[in-house]
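Per-chain numbering from 1; labels A, B, C and D assigned in written order.
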Amino acid sequence: MKREIPLMIVFVAGLFMAVQFFVPHATSEYIYEFVMEWTIIIGIFALALGIWSFIKVAASKIQRRSENWQYSIVALAGLAGMIIFALPWFGGLESYMFRSFFNNVMIPLHATMFSLLAFFIASAAFRAFRAHSALATVLLLSALIVMLRFNPYMGPLGDIDADIASWILNVPNLAAKRAIIIGIGLGIVATALKVILGIERTYMGKD
Amino acid sequence: MTNIGVYISLLLIFGGLLAILIYSLKGRDVDRRIIFLFVLFSVASAIIFHIEFEESATPIVKKVFEFVENLPPESKILISFDFDPAMKPEVHPMANAFVRHALVKGHKLYLMGLWPQGQALMTETIEYVLKPEFPNAVYGEDYVMLGYKAGNEGVLNVIITDFRKMYSTDAHGTSLDSIPLFDDVKSAKDMDLIFPVGGGKPGPKEWILFVGDPGNVPIAPGLAAVVAPLIYPYYPRQAIGLLGGVKGAAEYESELKKNYKEFENVETPALQMMGPQTMAHIVIMAFIVIGNIGFFRARRRKWQEGN
Amino acid sequence: MTAKTILFILVAVLLAPLVMAQEEAVPDSTVGVIPPAPPLNFRAFDTPYDNGHSISLEWELSADDGQGRNNVLGYRVMRAESPDGPFVERGIVTSGGTSYNDSGVKESDSPDYFPRDHDFYYKIVATTADGSEAESEVFGPVRAVGQWFNARKWPVLIAVGLFTAFTLAFITLARRGKDLYVRPLAGIEAVDEAIGRATEMGKPILYVMGLGTAADIATIASFTILSRVAKKVAEYQTSLIVPCYDPIVMTVAQETVKASYYDAGRPDAYDDKDVFFLTNQQFAYVGGVNGIMIRQKPATNFYLGKFYAESLILAETGATTGSIQISGTDEVTQIPFFVVACDYTLIGEELYAASAYLGREPVLLGTLKAQDWGKACVIISIILGVLFAIFGWQDGVDAFRPGN
Amino acid sequence: MRRITLIVTAVVVVLFIISWIIKTNTVPEDGTFRPFIQGFLVTFAAFLTLAIMSFLYRDNPFYKFAEHLYVGVSAAYAMSLGFWTTLVGNLFPRISQNLSDWFGVPFLHYEWHFVIPPILGIILLMRLSPKGGWISRWALAFIVGTTAGLNLPRFLRSDFIEQISSTFLPLLVQWQGVGPFFSNFSLAASGQFIAILTNITIFLGVLCGLIYFFFSKEHKGVFGTASRFGIWVLMVTFGASFGYTVMGRISLLVGRLTFLLKDWLGIIS
C-alpha cells in the first residue's frame, strides 16, 4: 500500500491535468488555477524542509569542526539575520534592514556573480575553440564570424562578415533550434507519459 | 590626459598579447588568470579613458543613413518612440541620432509614440538634444511632438488614413490645424520616411505591416538586439535598412560624426558602450587565435617527433 | 504624342467631373446633420470553444467607412439586458474593424465579471468626428456558454493519442523480448568510466540537478539518471554530493538516492547530509556550488537538468579543478556553453533518452523506440507540409496548425 | 591561519574603514538619509563585489565569506518572501480570520479548497519524523503527477506542432518579374537566391537535425550522412550563439565596473 497509493495519486493527478488542457469550460479553468496555487503553497512548506536541511548541514560542519567550519557560522548568521529582519515586529518585507540587506548584499553579489560570466566566456573560448577536428573547426569559425562584427578595422570584409553573421544567426540557427526543440518536445511527452503510467518510478524511493 | 591613457592602455594590451603569443609559441600553456586579467584591464581602461572606435557602418545601417542624406530638404520624417526605460540604453541613442540627422539636413520632424513611457523619453530628446543643439529649430515649423496615443496598432490603422482622426491636437494641446507642419499633411502616407524605434509590441514590426506596406512609406526601424533577427526578413523589401542593438546605434552615431563637423563633440552613448565591447571582443578573439597557434605548433612538434 | 498619352488625357478629362464632385461633397459631411450609414448584417454569437464568459460580434463596415463620405471614426459596441435597453458601451473598434470579442473574467466578485448563461442584446453604433451616429439593428438574445471540448485542439489530441499508442506498443514488444538496438551515446558511456575514476582517485562525485523545479520534465529525467549514478556510486563505494536548488527536488532526490543505495545493498552508506538544500537564488546557488567544487575537488561533475546563465560559470570552474564533466540540458540557449566547456554533453532529447540507456530495461528502451517513431512522423509531415506549401495548398498547411 | 592571510585581512579591514569614513562624508545629504549607515552599505557592497571577483584569482577567505553570506541571506530571503507573499498574502486571508488579523491583512472569505495545500504541506513535513516518511510521498506524488499531466499535451502544442508547421516553407520563392533563373541575374534576383537558399537550409537543417536524434537506428549510409549534416548544423548554431552571447556578458561586466569606478570610487562621472 505504501507504494500503490502514491502511484495512484500520480496517475489520477496526471490524467486529470492532461484532460484539463482540452476542456475550455470555466470549471476546468478554476481547477487549473487552484492546482497552480496549491503547488505554490506546498512549495513554501517544502522550503521549510530546505532551510532545515541547510541548518542541519551547517550545524554538523560546525559541530565536527570540519574544514572551513567558521564560514558556516557566517552562512547561519546571514540566514538568521535575514529571517529575523523579516519578522512582523521589524516590519516584514518593508523593514529598513531587510531592504538594505537586499539592496546592498544580495543585489551586488548577484550582479557580480553574474558578471563573472564575462571572464569565463573568455577562458572557455580560449580553452575550447581549437581546431582539432572538423566539427570543432565549424564551431570555432562560426563563433569567430559572429564575434568579428565587433572589430572595427575590417573594411569591406566587415560588411560581408556582418551579412554572413546575421544569416547564420537567422537561418541555420533557426533550423537547429527547431530540430532540438521538436526532439525535446517528444522527449518531454515520453517522460511525462512514463511518469503518469508509473513506468518511471525511481523518484518514489523505496521502503 | 585621456589620450595618453588610451595610448598607454592600448600599448599595454597589445604588447601583452604579443608577449603571450611568443610565450605560447614556445609551447607553454597560458594560465586562464592571464586571460581574466586582460579582459578586466581592457574593459576597465575602455570605461575609464572613454576608448571609442570608429565604427564603419554595415550596409544595412548605411542604407538608412544614405536614404536620409539623399532626401530633398524639408522632407517629412516621423520618429515613433515605441520603447520604455528598460530598453532605453539600446534604442534611445538611435532616436537621438535620427533627430540630429533629420534636423541637420533641414528635414521636418514629427515625433510620436505608441508606448506610454515613450512620451517622457520623447521629452528628454527634445530637452537635451533638440533644443540645445538646434536652437534655431522652431516648434511647429521644424518639428512637432504629437506625443503618445493609446490604441496600439489601432492608432496606426487610423493615422494611415488621417492624422486628425487620432490626434486632434499635438502633445501640448494645440490644434493640428494651427500647426504649419500639418498644412500639407493628412495621413502617415504623406511622410517621406518613418523611423519606428523600439523592440516590443506594438513596435517596428507593426509599423511595417500597418503603415509601411499598405501606405508605401519607406520604413527604417531602430531595434533592440533581441528582436532584430525577427525583423531582418523584412529587409530590403519592406524596410529600407535597419539598426540592430547598441551596435547598430553606434554605427549610425559614428556615421553622423564622420559626416558632420557639428556633431564631433556631442554625447554618443552607444559608441561609448561599444568601446568596452570592442576591446573585450578583440582580446577574446586574440586569445582564440593564440590558442590555435599554440595548438598547431604543439601538434606539429608531436608529428615531427613521431616521424 | 504617343497613343498612351492621348489615352491618359482622355481618361483624365472624363474623370475630372467625378473627382470634383467628390471634393464638393466633403464639406457636407462636416456640417454634422447627415449621419453615416449604419453597419450592416450585425450578428452576435457565443464564442466557440471558450470558458463561457465571452460573446463574439461581427458586422459589415458602414458604407461611409473608408469610402462614401469616409467619416466613420469607429464603432461603439453596446450591450443591454433587454432589447429596449438601457445599452451600455462595452468597447470601441477603430474604423475598418468588423469584429469584437466582448469578454470578461469568470470570477463573479470581479468588476470585470461576464455572466455565463445570461441573455444579452447587442448593437453597434458607427461614430463620426462631428458626433453624428448610426446604429445597427439590435441583435439578441444571445448567451455565453462554456464548452467541454476545444475542437481546435484536435491535432494535439491526435498527436498525444498516436504517441501514447506508439509507446504502449513498443513497450509490449520490448517486454516480449524483442531486441531493440540503440546507438551509442558518448556521454552515457562515459558515466561508468567517470565513476570508476572517482573511485580510483578517492574523490567524491558532484551531481548538480540545475535550477529546475519538480515541475520541469528535465529535472524528472535527471532523477532517473541520478538513481543509476547513485546505484553505481554505492556499488563502487565512492561518495556523492548533491546540492539542491529546489526544496521539493531535494526531497525527491533524497528518496531517489536512498532507494539506489538500498538497491545496491548499502542502505547504511546513505546520509541525508549528502543530498542537501543550498538556496534557491540562482547566483547564490552558483556561488555555493563553486565553493564545493573548488574545495572538495570532485573527480566527476554531472550537470543534468535545467540550466540557465549559470551553466558556463559552473562548467568553467569545474574545468579548473580537472574534473571530468558530463552535462545535459534541454534549455536550448545553454547547450552551446556546455558543449564548449564540458567533456561530454547530452544535447536536448539525449538527456531524456539517457535514463533508458543507463537502465537498459526493455520498458524504457520501448519508449525510446516510440520517440523515434514520433520523429519519423514529424519528418514525414514536414515533407508533406513543404510539398503543400510549394504547390500552394494552404488548407493542407493549415490542417497542422492548432488553434488556441 | 597563515601570517600572510592575517596581513592581507588586516590591510583589507583598514582600507574598508578608510573607504567607509570617506564615503560617509561624501554621500549626499537629504533629510531621511543616514550617511553613516549608507556609507557603510555602499562600502560593504563594493567589498562584496571585490570579494566575489577575487575568486577569479583563486579561492580565498574573502570569497568564502561572501559566498557563505550570500547563500545564507538568499535562502532566508526566499523563505521570507514566500512566507509573506504566499502564505500571508494568499493563503491566510482565505482560511483563517484570526491569522489574517494577526498579520494585519484583510480577511477575504473562507474558501474550503485552500485547506488542501497546507494539509499536503504538512504531509510533506512528515518526512522529518522518522516513522512518517512514507506518507510524505503522497504530496510528492501529487506534485510530480500534476506536472507530468500539465506537460504532456502542452509541450506537444507549443513546442512541437507549432515548430513543425512553421517549417512548411515553399522551397522556391516566387520570382517577381525578374525572369527565369539565370537569364536576368540582378541584385533582386540574388535576394531571391538567398531566400531560396534560406528556405532549403531551414528544411534540410530541421530534417537532418531530427535524424541526428534518432536513437534506435544505426547512423550509417544515407542516414549517417544526414545525421552528420545535422550535427554540423548544430555546431554552426552553437558557435554562433556562443559568439553572440559575448556581447551581453561584457555588458554585465561593464555594469559592475561602473559601480566600482563611479558609485564607489568616483573616478569617472
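The rule is short, and it goes like this: a contact is a pair of C-beta atoms (placed from the backbone, for glycine too) under 8 Å apart; a residue touches a chain by one contact, two chains touch by 3 or more.
Please read all numbers here as calculations on a predicted model, not as lab measurements.
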Any chain that touches subunit D and subunit B: A, C
Contact pairs, highest-scoring chain pair: A-D
Per Cα centroids, the chain farthest from subunit A: B
Between subunit A and subunit D, centroid-to-centroid distance (C-alpha), Å: 6
Geometric centre distance via CA averages, subunit B-subunit A, whole Å: 33
Where subunit A and subunit C are represented by their mean Cα positions, the distance between them in whole Å: 17
Residues of subunit C touching at least two other chains: 153, 156-157, 160, 163, 215, 217, 220, 248, 251-252, 255, 277-281, 283-284, 287, 295, 335, 337, 339-340, 347-349, 353, 368, 371, 375, 378
In subunit B, residues with contacts to at least two other chains: 32, 36, 39-40, 43, 247, 277, 280-281, 284
Residues of subunit A whose C-beta touches two or more other chains: 18, 21-22, 39, 42-43, 46-51, 54, 68, 106, 109, 113-114, 116-119, 121, 123, 125, 127, 129, 139-140, 143-144, 147, 150, 169-170, 177, 180-184, 186, 188-189, 191-193, 195, 203-205
Touch-based graph of the chains, sorted into line, ring, star, complete or other: complete
Partner subunit A, residues of subunit B touching it in the complex: 30, 32, 35-36, 38-40, 43, 53-56, 58-60, 229, 232-233, 247, 274, 277-278, 280-285, 287-288, 290-292, 295-296, 299
Contact footprint of subunit D on subunit A as seen in their complex: 2, 5-7, 9-18, 20-22, 34-35, 37-52, 54, 68, 71-72, 74-83, 86, 88, 92-93, 98, 100-109, 111-119, 121, 125, 135, 138-147, 150, 165, 167-186, 188-189, 191-193, 195-196, 203-205, 207
Partner subunit C, residues of subunit A touching it in the complex: 18, 21-30, 39, 42-43, 46-51, 53-54, 56-57, 60, 67-68, 106, 109-110, 113-114, 116-117, 120-121, 123-125, 127-129, 139, 177, 180-184, 186-195, 199-200, 202-206
Contact footprint of subunit A on subunit D as seen in their complex: 37, 41-42, 44-46, 48-49, 52-53, 55-56, 64-87, 90-91, 103-104, 113-114, 116-118, 120-122, 124-125, 127-128, 134, 137-157, 159-160, 163-164, 166-167, 194, 198, 201-210, 212-213, 230-247, 249-250, 252-253, 255-256, 259
Subunit C-touching residues of subunit D, taken from the complex the two chains share: 52, 55, 59, 63-64, 66-68, 70-75, 77-78, 124, 127, 136-137, 140, 143-144, 147-148, 150-153, 155-157, 160-162, 164-165, 167-172, 203, 206-207, 210-211, 213-219, 234-235, 237-239, 241-242, 245
